[in-house]
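Okay, so chain A shows up in both of these, paired with chain B first and chain C after.
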Partner chain A sequence: MNKLKKSTIFAYIVVGLGAMIMLAPFYFMFIFATHSNGDILSVPPPLWFGSELMNNIDYLLNALPYFWHNVGMSFYIAIITTALNLLFCSMAGYALAMYDFKYRNVIFAFIMGTMLIPPFLGMIPTALVMKYLGWLNTPKALYIPMACGAMGIFMMKQFITSAIPKELIEAARMDGCNEFSIYWRVVVPLIKPAFGTLGLIVFIGQWNNFMGPLVVMNDMKMFTIPLALRSLQGTGMTPWGAICAGAAIAVIPLLIMFTLSSRRLIDGLTAGAVKG
Partner chain B sequence: MAAVTFSNLKKRFGETEVVKSFDLHIEDGEFVVLLGPSGCGKSTTLRMLAGLEEISDGEIFIGEELVNELHPMERNIAMVFQSYALYPHMTVKENIAFGLKMTKVDKDEIERRVKLAADMLELTPLLDRFPKALSGGQRQRVAMGRAMVRTPEVFLFDEPLSNLDAKLRGSMRAEIKSLHEKLGTTTLYVTHDQVEAMTLADRVVILKDGFIAQVGTPKDIFEQPANKFVATFIGAPEMNLVNAKLEDNQVIIGEQTLALPTTYQDQADCALGVRPSDLYLNPRAIESDAIGKLTVNIDGIELLGATYHIQGTLNGSRFVADIATSDETDVTQETGEVELFFDLHRVHLFDNQEGNAIRPNLN
Partner chain C sequence: MSAVESAEKIPAVSKKRSLKQRLNAKGYKWAPYLFVSPFFVLFAVFGLFPLLFSIYLSLHYGDATGGIDRMEFVGLANYIYLFRDDAWFHQSLINTGWLALASGIPQHVIAIPLAFFLHTSFKKTRNTVIGAYFVPFITSSVAISLVFTSLFSRDFGVINMILTQIGNVEIFGFQPLGWLFPTENVDWARPQYIKPMIAFVVFWRFVGWNTVLYLSAMQTIPKDLYEAATVDGAKPWQQFFYITLPQLKPMMFFAVTLTIIGNLQMFEEPFIITGGTGGIEQAGKTAAMHLYLTAFTEGDFGTASAVSWLLFFIIAILTWLNNKILGEKD
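Here is the complex of A and B:
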């Protein structure tokens, strides 16, 4: 009993330290958002909230006249990318899970193989293709290449395989559904938990995406938030307080979303891992 | 309602042929059961009729119409699946109405048909529940309701009772039977449970390795099995088969001889079949003009309530008898030789080469 208690206490200490290390950047981001550059760069740095938040926000809005437009761009691109991913990944996952067709396993292996390619390798070709298509500085240059991904297809395929029996699809077929209505009326309602999980992952990924916009967006008005904040780090003094204020504003929607749906995210990621 | 005809139907999965030349005509309104062990091709045949499995060769007609190329929905059939396949995100009512909604039936008509089916299957108080809140039997009834409301020409059942416990299976069997009597729809039912087959079917089709081993009424199948496979597959405990010789109308088993009341052609290598339930210890219990007797070496007796289950050997083969406890002879002897009596009109003879039944000469 005593031994168990000691090990539990040790586990709490390890987890607590880990949590502190993980949360420290977030904490300092909020703290620095309320301090001037001088305070931030002093030693030791401030550990508690200051009174410079409004000044930092003023500076941010002056330096980035399209800041709210950039926030809107981030939302727009993240939402469209998420919606497209949910649609295409679930369709692909459904096809790979439920249909028997020639080269199915080869196609699936090929899709999985794309996960081995570092995303940076595709950056320049993607930028060139976007330029060729005349899509530079347009949102579709970001959401079309990201509309479907191997991770999403894999997740959907696994979820559909474990959650939907083939007989259900056959029953729907006998009830008069065509292939699309089977997907829409039977499959989609049953994979909502996977939609929640994949939706969150894609939304967060796209909201935080820095490299993608960097290569296809050069008009400040079309920047997404990470890119807009990065543009403050130009020559001369970097306004850390303003950057942190911008980052804090940018992170708030994610924090709200994650708080509301973290349980679903974790449930979805572990679904099918153990026998229910 | 419609008749169903299978003509030279075949199904191959790669090199493996699982249904081999299946020919069958099901009359309009008939209840036919496909019975056989796992892997005999019964579910595959049903699924080909449903349109869920492609046909490798042959033809299927529903009524006069060739349905080989038709979508499942266009075949006007309804199917009850082994796992019920209810839509978990829909209520009982939505589950039952789904097929009608998909075929764009008028809203009032959907309401009317759902109500009718729910009343018939006693589902009315459950209409707003989701499948997860139903018991196995209730789910089964919803699956039947879903099939019923579409007023199909043919009902298909794919082992619908195999997920239920023994008691519920009995009551659901009766419900399926009475439903068929009420609706009179042509029904094809797949099972590996011979009790279901014997109690439900107008005709039973016994399949073995993709072939039809026998088609007949339950009584025919039980009393006149066409071959050794059917003889041993139907009936529990299975029929005793003992190697024998047929000579001058006598069955010779080792040193024992039985004089048959009907005439047969001589056969050097055959098998005598006797059902365990046809055996008696007391010859007076048999009402027949021809009573046979076999001496069997027994090695165990079990009391199963209404019967004694006697196990032994005869001419090197396992021999089992189910003797009614009402038989006046006391069963006290647990080992050694015992004389068992039976009606010679009820014995079966099989050719040992092909396994087919040997029928008596008619003239």
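Here is the complex of A and C:
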């Protein structure tokens, strides 16, 4: 490793340039968010921050009067989805990891099998089901169907199997703890790390969800951020500064989460892939 | 009296205990089923029922939003129409295949050497570099597709600016790169350019994900294989071709499978980049977009459901073929 060959240096440069290409769209998103449309449309385009951020936000709020409500909807739906997944996935994962019961393997295989169903297959019937239920334009149309994912159950089962000794459960049962209390008082406190990882994954997935809200939300007030941003696209001149400001608001929470926990997120997302 | 009382109490207590124990035993028997029941209730209502309903819809014609009784049974007519007459569906399948290959192949061709290089030559900065390549994967595809639309715009886009500057480099009056790079601004909305643009955005989103998958597989390759090769005088590129690549085969199979399944469902990037229309001459319309537009713009839920099942079978067949080709050799 002491003598750096020319080819190695070249490879470092290529990897570094590649990383810059990966990050460049984020950079331009932030730059454009602070410039007027006129600046963005000039040649060459701006490469450093401007002072038009507030004007762009004003434009955004003019074009999308419910924008802050949309941001709130995104947070609300993502948080409820996350909470429900943590509860239901950990319950199911606990049962599959710690109990011997009839049909356990069949049940587990079935749950894993549902991961093979591609989301587009349910798009049309789900939209109709939501219409018949009267759930269109309500948040529950988005968080109830996604309240317990197979991936989350798998993650929880793996984690509980490796982190909790069966003797501990037996001991709690000997002491007269009932089954739900064992789950709530013994298991839940011990699986907080897995809650963190699964919570991040579910939150990000629901936050970015586009196809789901696209077919069940048609009232502008009930839009989530992706839908709201998308509705800015249209005829006439596209307000790039405002769009980039909105896109930045959609992406900033994700960037913060990623910066704080990139290792855990990457490991969590790939763990299912590598082990399963 | 007190003796009698206490004598009566003892069996009562022991009876209560045994009742509790019996309840606990019963609880042990039923608890696991209760714990997995939320998944099955939700799946029955929002997973299985929609699938069955979708089969029903695909055999009917009419506007389903007013109630299913307004639909008329047409047998396989929707499927026959799709096979024989729906030229836009055929076009969307071709587009999907084109985009799947053009965005999928570079993902793996770049991710494998990149992962190898990260594995062998990066120590302290590895996590930062991985983070830079991975972050597109977790960002909102809608937000970032909008940003890309501005970067790719014809007259002021940064990408055109860079490409034409490279294309216009002059040495002694010649433009040595002019044949490869454009010398004037490209209109990315035109049919022949919209697909490369979409493919690039999809490639950009998923190359880091594949890199991480390959990197995690490389970390499980036994080190003594490399040590033995080094002792035998194998150069790094030889180690890459004779050790790393063969050892990566299971992960390649897995990652390619994920790419096939994911790319054939491509929806969000082309939807945003073409403004939900499919673009000029529908050159950027994928099969999943055709499915959405057939249902929600034309109101033909029956044909749209048939599209979803055909697409599902295409994905299933290609996954199976991939399993035949890549999966069984090791």
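To be clear about the criterion, the second predicted complex is superposed on the first by the 233 of 276 C-alpha atoms of A that agree within 3 Å, B and C clash if a C-alpha of one lies under 4 Å from a C-alpha of the other, contacts with A are read in each partner's own complex, and residues count from 1 in each chain.
In this text, a contact is a pair of C-beta atoms (placed from the backbone, for glycine too) under 8 Å apart; a residue touches a chain by one contact, two chains touch by 3 or more.
Just so you know, these numbers come straight off a predicted model, no measurement behind them.
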Checklist entry - Touch check for A:165: first (chain B), second (chain C), both, or neither? => result first
Checklist entry - Touching A:189 in the superposition: chain B (first), chain C (second), both, neither? => result first
Next on the checklist: By the touch definition at the top of the document, which applies to A:49: first (chain B), second (chain C), both, or neither?
Outcome noted: neither
Checklist entry - Is A:225 in contact with chain B, with chain C, with both, or with neither (first, second, both, neither)? => result second
Item to check | Partner chain in contact with A:173 - chain B first, chain C second, else both or neither | outcome: both
Next on the checklist: Once the two complexes are aligned on chain A, which partner has more residues of chain A within touching range, chain B or chain C?
Outcome noted: C
Next on the checklist: For A:244 in the superposed arrangement: first (chain B), second (chain C), both or neither?
Outcome noted: second
Checklist entry - Where on chain A do the contacts with chain B and the contacts with chain C coincide? => result 173, 176
Checklist entry - For chain C, which residues count as touching chain A in their complex? => result 20, 23-24, 27-29, 31-33, 35-36, 38-39, 42-43, 45-47, 49-51, 53-54, 57, 64-65, 68, 110, 114, 117-118, 121-122, 127, 129-144, 146-151, 155-158, 161, 204, 208-209, 212-213, 216-217, 254, 258, 261, 265, 267-268, 271-272, 275-276, 288, 291-292, 295-296, 301, 304-305, 308-309, 311-312, 315
Checklist outcome for this item: Interface with chain B, chain A side, in the complex: residues 165, 167-168, 170-177, 181, 186, 189-190
Item to check | Touching residues on chain B, where the partner in the complex is chain A | outcome: 50-52, 71-73, 77-79, 81-83, 85-89, 98-99, 102-103, 146, 150
Checklist entry - If you look only at chain A, which of its residues touch chain C in the complex? => result 8, 11-12, 15, 18-19, 21-26, 28-29, 32, 40-45, 88, 91-92, 94-96, 99, 101, 104, 107, 111, 114, 117-129, 131, 144-145, 147-148, 150, 153, 173, 176, 178-180, 183, 204, 207-208, 210-211, 214-215, 225-226, 229-230, 232-234, 238, 240, 243-244, 246-248, 250-251, 254-255, 258, 262-263, 265-266, 269-270, 273-274
